[in-house]
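As written, the chain order gives the labels A, B, C and D, with residue 1 at the start of each chain.
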Amino acid sequence: MDPAERIKASFSKQGLMGTLGATLGTIAPGRVDIELRLSPAISQQHGFVHAGAISAIADTAAGYAALSLMPADTGVLTTEFKINLVAPAAGERIIARGRVVKAGRTLTLAQAEVFAVSDGQEKLIALLTATMMSIKGRDGIND
Amino acid sequence: MDPAERIKASFSKQGLMGTLGATLGTIAPGRVDIELRLSPAISQQHGFVHAGAISAIADTAAGYAALSLMPADTGVLTTEFKINLVAPAAGERIIARGRVVKAGRTLTLAQAEVFAVSDGQEKLIALLTATMMSIKGRDGIND
Amino acid sequence: MDPAERIKASFSKQGLMGTLGATLGTIAPGRVDIELRLSPAISQQHGFVHAGAISAIADTAAGYAALSLMPADTGVLTTEFKINLVAPAAGERIIARGRVVKAGRTLTLAQAEVFAVSDGQEKLIALLTATMMSIKGRDGIND
Amino acid sequence: MDPAERIKASFSKQGLMGTLGATLGTIAPGRVDIELRLSPAISQQHGFVHAGAISAIADTAAGYAALSLMPADTGVLTTEFKINLVAPAAGERIIARGRVVKAGRTLTLAQAEVFAVSDGQEKLIALLTATMMSIKGRDGIND
C-alpha cells in the first residue's frame, strides 16, 4: 500500500481523532500534518484549547511521521512524549506539523510543532518531542 | 468557595472532559483523581486508548491537584508535561491519580499516575510529570 | 557476579563519576543511590550545583536501578530523561535515589528523586524520569 | 556590558564547565554554542560520553541562549529539561547548539541540538528542550 494511503487508512481507525474532529493534512516521507478546528468541545476551563487536545494531534502527527519511514509490516507505538505549551491557542484552528528527527531500527525520535492559525497567520503554541517504537510481529499492530 | 466545589465547577467548564466522557473522582488537598471509561471513541489505530486521551486526564488530574493548593483568586495553566506510556490500556476504565510533588509560588511540580482498572485490579499504564503555573490578575483566569 | 558487585565494578569504570567525585550508596534490587559532595567544582554561575551535575548522578542512579533487574549479559543505555529542578541545592551533599517504576524486556521506566542533605535533613531538589534500554549481544556492553 | 561579554564572564564562573573542560563557541542573539573535547574523564561505563556530560553542555547552551535575550539585571535558572539521546558519541568532540524557541517574560523555551564532530563531519547525538526562568531582584542572580 502507498504510504500515504496507509496513514489515511490508519488515521480513520483512530476513534479519538474522529471524536475531536481532527483531520489529516499533508503527508510526506518523515512529515505529517494534522489539523483541529477550535470549538468549545475541546476546551479547558478558561476557554483555551485543552493541552490534552493539543497533545493528541501533536502525538498523532509525530507518530505518523515516524510510521511513514517504517516498513509495511511494522506498527508504531508512542513510548513517551514531552510537550511545552508556549502560548494559549486562539484563532480558527490549530495545526500540528510532525517530523522525524532521527529514525532508528527500534526507536524513532520525532517532533511536532503546533501552530494556531488565524487570518492565515501561524503562531507557535506548542512543541512536542516523542519517542516512537517500531512494533513487529505482534497481532493486529501493523500501522 | 470550598476547594472541592471550586474544582467541580471548573471541571464542568472543560469542554474536552465532557467530550471524552471523563469524570471527577476523589478530591483532597494536593490530590485529584479523574476517570475515563474505555470506548472506541477514545482509541488509537490498534484499539488501545489513545495517548492523547490518557494525557488529557493525567494533565487535568495533575492540574487540579496543583489548583487545590492555590489561593482562591488564582488560575492554573500547564506549561509543560512529559508522559511515559508503559503498557497499553485494557479493561473497563482508566484512572489518573494526580498529586503535587512540590508547590511553589509561581511554579508547581505535579505528577499523575494512570492505572487501567479491570475486575477491581489496578495496573500502571502511564506516568506524567507536569509544571503548572499560577496565574494571578488575568481576566477570566481564576481556576 | 553478585548484582551489587556488578554495579560497583561498572560504576568504577564511569570516568564522569570520578571526575565529579560521586560515590555509590545503597544498592538493592530496583534501587540505587548515588551521592555527590557539594563543591565549587560542580557549580553553575550563581554558585548552586549545576543542573548538569544533578542530572549526571540522577541519570546514573536511575540507570543502575534498571540494570539491577536485568540479566547478567545485558547492558543499559539511557534513551531519554526529563528532570524538573524544584529548588537550588544547598548543604553538604546531594543524594539521588533511583528506583524502577516499570521494568520491561526492552525498555524500563526508572525515576530518581534528588535531595539536598543539610544537618541530616533531606530536601527534595529534583525529580528525574528516564527510559532505559536493555542492550544485548553488542560487544563491550554488558553493564 | 555587551551580551557576549556578559555570557563569557558568567561562563567562567561555572565550576562544572571548567571541571568538564567545556568551552564557549559562537554567541549570537538567541544562540549559543558550547563544545566539549572527548576524554575518559567524561565517560560512562561503556566508554561513551556520559549522558550527564552531554546534558551539562546542552543545558548550559540553552540557558545562555535564553539569557542572551534577557535584560541586563536578570538571571536565568533552568526549571526543567528533557533530553533524547539518539546515538552514542564518538569522535574528537561534541558541540551543543542552543537556541531560543520562544522567549517570554517569565519563562523561555529553549532547545539544544548536540552533535558529535569527527573529521569535520557533524552527527546528531542528542536533542534537549528546556524551560528557562527569568530571575529578577534576587541577590547574586543577574546572569
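Keep this in mind: contacts are C-beta pairs under 8 Å (C-beta built on N, C-alpha and C of every residue); 3 or more make two chains touch, one makes a residue touch a chain.
All figures in this text were calculated on a predicted structure; none of them were measured in a lab.
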Distance-maximising chain from chain D - centres being C-alpha averages: B
Chain pair showing more contacts of the two, C-D and A-C: C-D
Centre-of-Cα separation between chain C and chain A, whole angstrom: 33
Length of the line joining the C-alpha centres of chain B and chain C, rounded to whole Å: 29
Centroid distance [mean C-alpha coordinates] between chain D and chain C, Å: 21
Residues of chain B touching at least two other chains: 79-80, 82, 84, 131
Complex interface listing, chain A residues touching chain C: 79-80, 82, 106-107, 131, 133
Chain C contact footprint on chain B (complex, rising order): 82, 84, 86-87, 101-102, 104, 109, 111, 124, 127, 129, 131
In the complex, chain D residues that touch chain C: 10-11, 13-16, 18-20, 39-47, 50-53, 55-57, 59-60, 75, 77-85, 88, 140-141, 143
